[in-house]
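The structure is given below, and queries will be raised subsequently.
The first chain written gets the first letter, and so on, giving A, B and C; residue counts start at 1 in each chain.
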Amino acid sequence: MSWTWFHKLASPPHAYRILGTIAPWFGWASLALILLATWWGLVKAPADYQQGDGFRILYVHAPSAWMSMFTYVVMAVAAGVGLIWRIKLAHAAAAACAPIGASFTFLALATGSIWGKPMWGTWWVWDARLTSELLLLFLYLGYMALRASFDDPQRADRASAVLALVGVINVPIIHYSVEWWSTLHQPASVTKFDKPSIDLAMLIPLFIMIVGFQLYFGWAVSRRLRGEILRRERNANWLKEAA
Amino acid sequence: MAFDGAVFEAREINAWRGDRHILRDVSFSVRPGEFLKVTGPNGVGKTTLLRVICGLLPAETGELSWRGQSIRGRRDEFNFELGHLGHLNSLKGDLTARENLKFLAGLRTTLTAETIDSTLDRVGILSRGDLPARSLSAGQKRRLALARLLLADAALWILDEPVTNLDTAGIRLVEELIVDHVEQGGLAIAAAHQRLLDDAPCLRRLELEP
Amino acid sequence: MSAVRTPTLAAARLVFQRDMTLAWRRWDEVAQPLIFYVVVTTMFPLATTPDLSALREIGGGVVWVAALLASLLALESLFRADVEDGTTEQWVLSGQPLGYLLLAKVAAHWVLTGLPLVIMSPIVGTGLGLPTSVWGVLMFSLLLGTGTLSILGGIGAALTVGVRRGSVLLSLLVLPLAMPLLIFGSRAVTMQMDGDSPAGPLQLLAAIFFMALSLGPLAMSAAIRISVEN
């Protein structure tokens, strides 16, 4: 089987061009979907009979929480590909993912905490979901700190890739252990985030929002990855020719 | 000790250090009985080349082969036949000279007290065998590192500035050791900017250019 | 001279033996984490209350947190000296599987720092009001927990060996990964104290330990190879 197409795709000039082409598509589509879901969620969907309008922050919280995990997995897969097949573009993609993932995690924590105030009367509860997100934020911060502490970008790439892989094996263990810990210490009713009996009218905007967030991720990664490519290839000939 | 067919070959090695493209299409081969001296001004990439050969630094492109086969995927086998003397002596100051050899050279080959003693004798520091490496002089430490190299019993020697810190007698010792090694059919590659075996028949040169 | 290649197990034993010999000559460094452990656990009664029945509530957790911090503290310099003097370089080139050599080093380190913490834990626990009935669970959970942490910390130490301010970074990398150990370990102690069977969390700790044991050497050797590149 020929891998030339793959290597061509993974070559920096090519990737740079393609990302430049697709980024606006991601960008506009995500903007449209997020606006649609916002309108749907804030205006059209009915208020929750228990939580009133407060529940509507779920439309930001749940997609952020989902994207924070999703981004970590994408980052770890990219890092693994970079480590095993020595593809620089994959390392660059992992580097591009980390701040985006950390932002999603932060957003999930912030919205969860804002939601907590009317729900539980405090800004923070040691809820399983929030605690998992907090630990995930630590993982992201550790990854970025390790990456930043190397002067040589190639060593930074590979060292942080090892960490991302160790981390991604740990994420389910951390997640499970926190769930277990939480059920031992608190009654199950508190975990209202994943209520099974959610109304369909509330669910549709949620799904639209998740798709919108995914597209936003595509846009943000494309943009950041282009930046990474420029930074890494600043001495390469194709860039000098293009400039 | 014979190393028939033990040819080492490097083809079109390219390596970067950060942003600097240091090695550009470096190709050479070394045969049994040959000593390859890598020369060139400071910063030209002598150490980089030696570290690439050892696999301590990744090469961007290029192929290394040993005994006619690419070493890709056979690093451990190749490493076992490779003896490396770097800038660092890889010694523990708290361990005696004998213990240093036992714990480091012993990882490769099974050693007896006699082989350790005869090797220490060969490099001229037998009387220092039970002193902590910390208390040895810089030259004696280098000799101890040479003893480790000898005990590795490797076919291919990679020596980075082997005569650093050595006196005239020490330099002569290194020259003798290299000549003995290649006369038994071994191979040696050294980076050196001093005189080292400059008139020996086994010498070949690889001049790296900036 | 005809060379007999050293079997991998013998090579790993040499690494272990070497670190024991070195530690014997630098025993003061070995004692430091243990002292740290005792000092940290002393802080809790002083900061909260000397009432043993109140301390008992958090005793298991305190012992666990202190043990994790103490063994992490000791891990910071695990590979530093060996990387700086070129020993790890020779390990990489020894023709032996690097992961096993590093695992042997971590094992020696655990025997020197982790095991004393485990042995000391009943004394420390008594000071925090833990009853003798939990000694067994406390020690067993710490045995598994410090073992896993040594491997996780070994990966972290191998990654941070060449970087500036490695010690803070090491904690930042390893502590989040160690949270499950803390959860299961301290919970096992509490369950035993409450009269529940701690088998569940202990089995989970054991499972995590064996996973770390099987995957850890792979990650450590990858990390060390990156660290010797300079």
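Throughout what follows, a contact is a pair of C-beta atoms (placed from the backbone, for glycine too) under 8 Å apart; a residue touches a chain by one contact, two chains touch by 3 or more.
Only a predicted model underlies this, so the values are computations on that prediction, with no experimental measurement involved.
Centrality by Cα centroid goes to chain C.
Centroid analysis (C-alpha atoms only) places B farthest from chain C. Each chain gets one centre point, the mean of its Cα atoms, and the points for chain A and chain C are 32 Å apart. Work out the mean CA point of chain A and of chain B, and you get 48 Å between them.
Spacing of chain B relative to chain C, judged by their CA centroids, is 36 angstrom. Counting partners per residue, chain B has 58 as the residues that reach two or more other chains. With touch defined as above, residues shared between interfaces to two or more other chains in chain A number as follows: 152. The set of chain C residues touching two or more other chains comprises 229. Interface residues of chain A, counted against chain C in their complex, comprise 83, 135, 138-139, 141-142, 145-146, 149-150, 152, 155, 158-159, 162-163, 165-167, 169-170, 173-174, 176-178, 180-181, 184. Residues 1, 3-6, 10-11, 14-15, 17-18, 21-22, 25-26, 81, 85-87, 89-97, 101, 228-229 of chain C are the ones touching chain B in the complex. Remark: chain B residues 1, 51, 54-58, 76-77, 79-82, 84, 86-92, 94-95, 99, 102-104, 106-110, 115, 148, 153 touch chain C in the complex. Across the complex, chain A is touched by residues 152, 155, 159-160, 162-166, 169, 172-173, 175-177, 179-180, 183-184, 187, 204, 208, 211, 215, 219, 222-223, 226-227, 229-230 of chain C.
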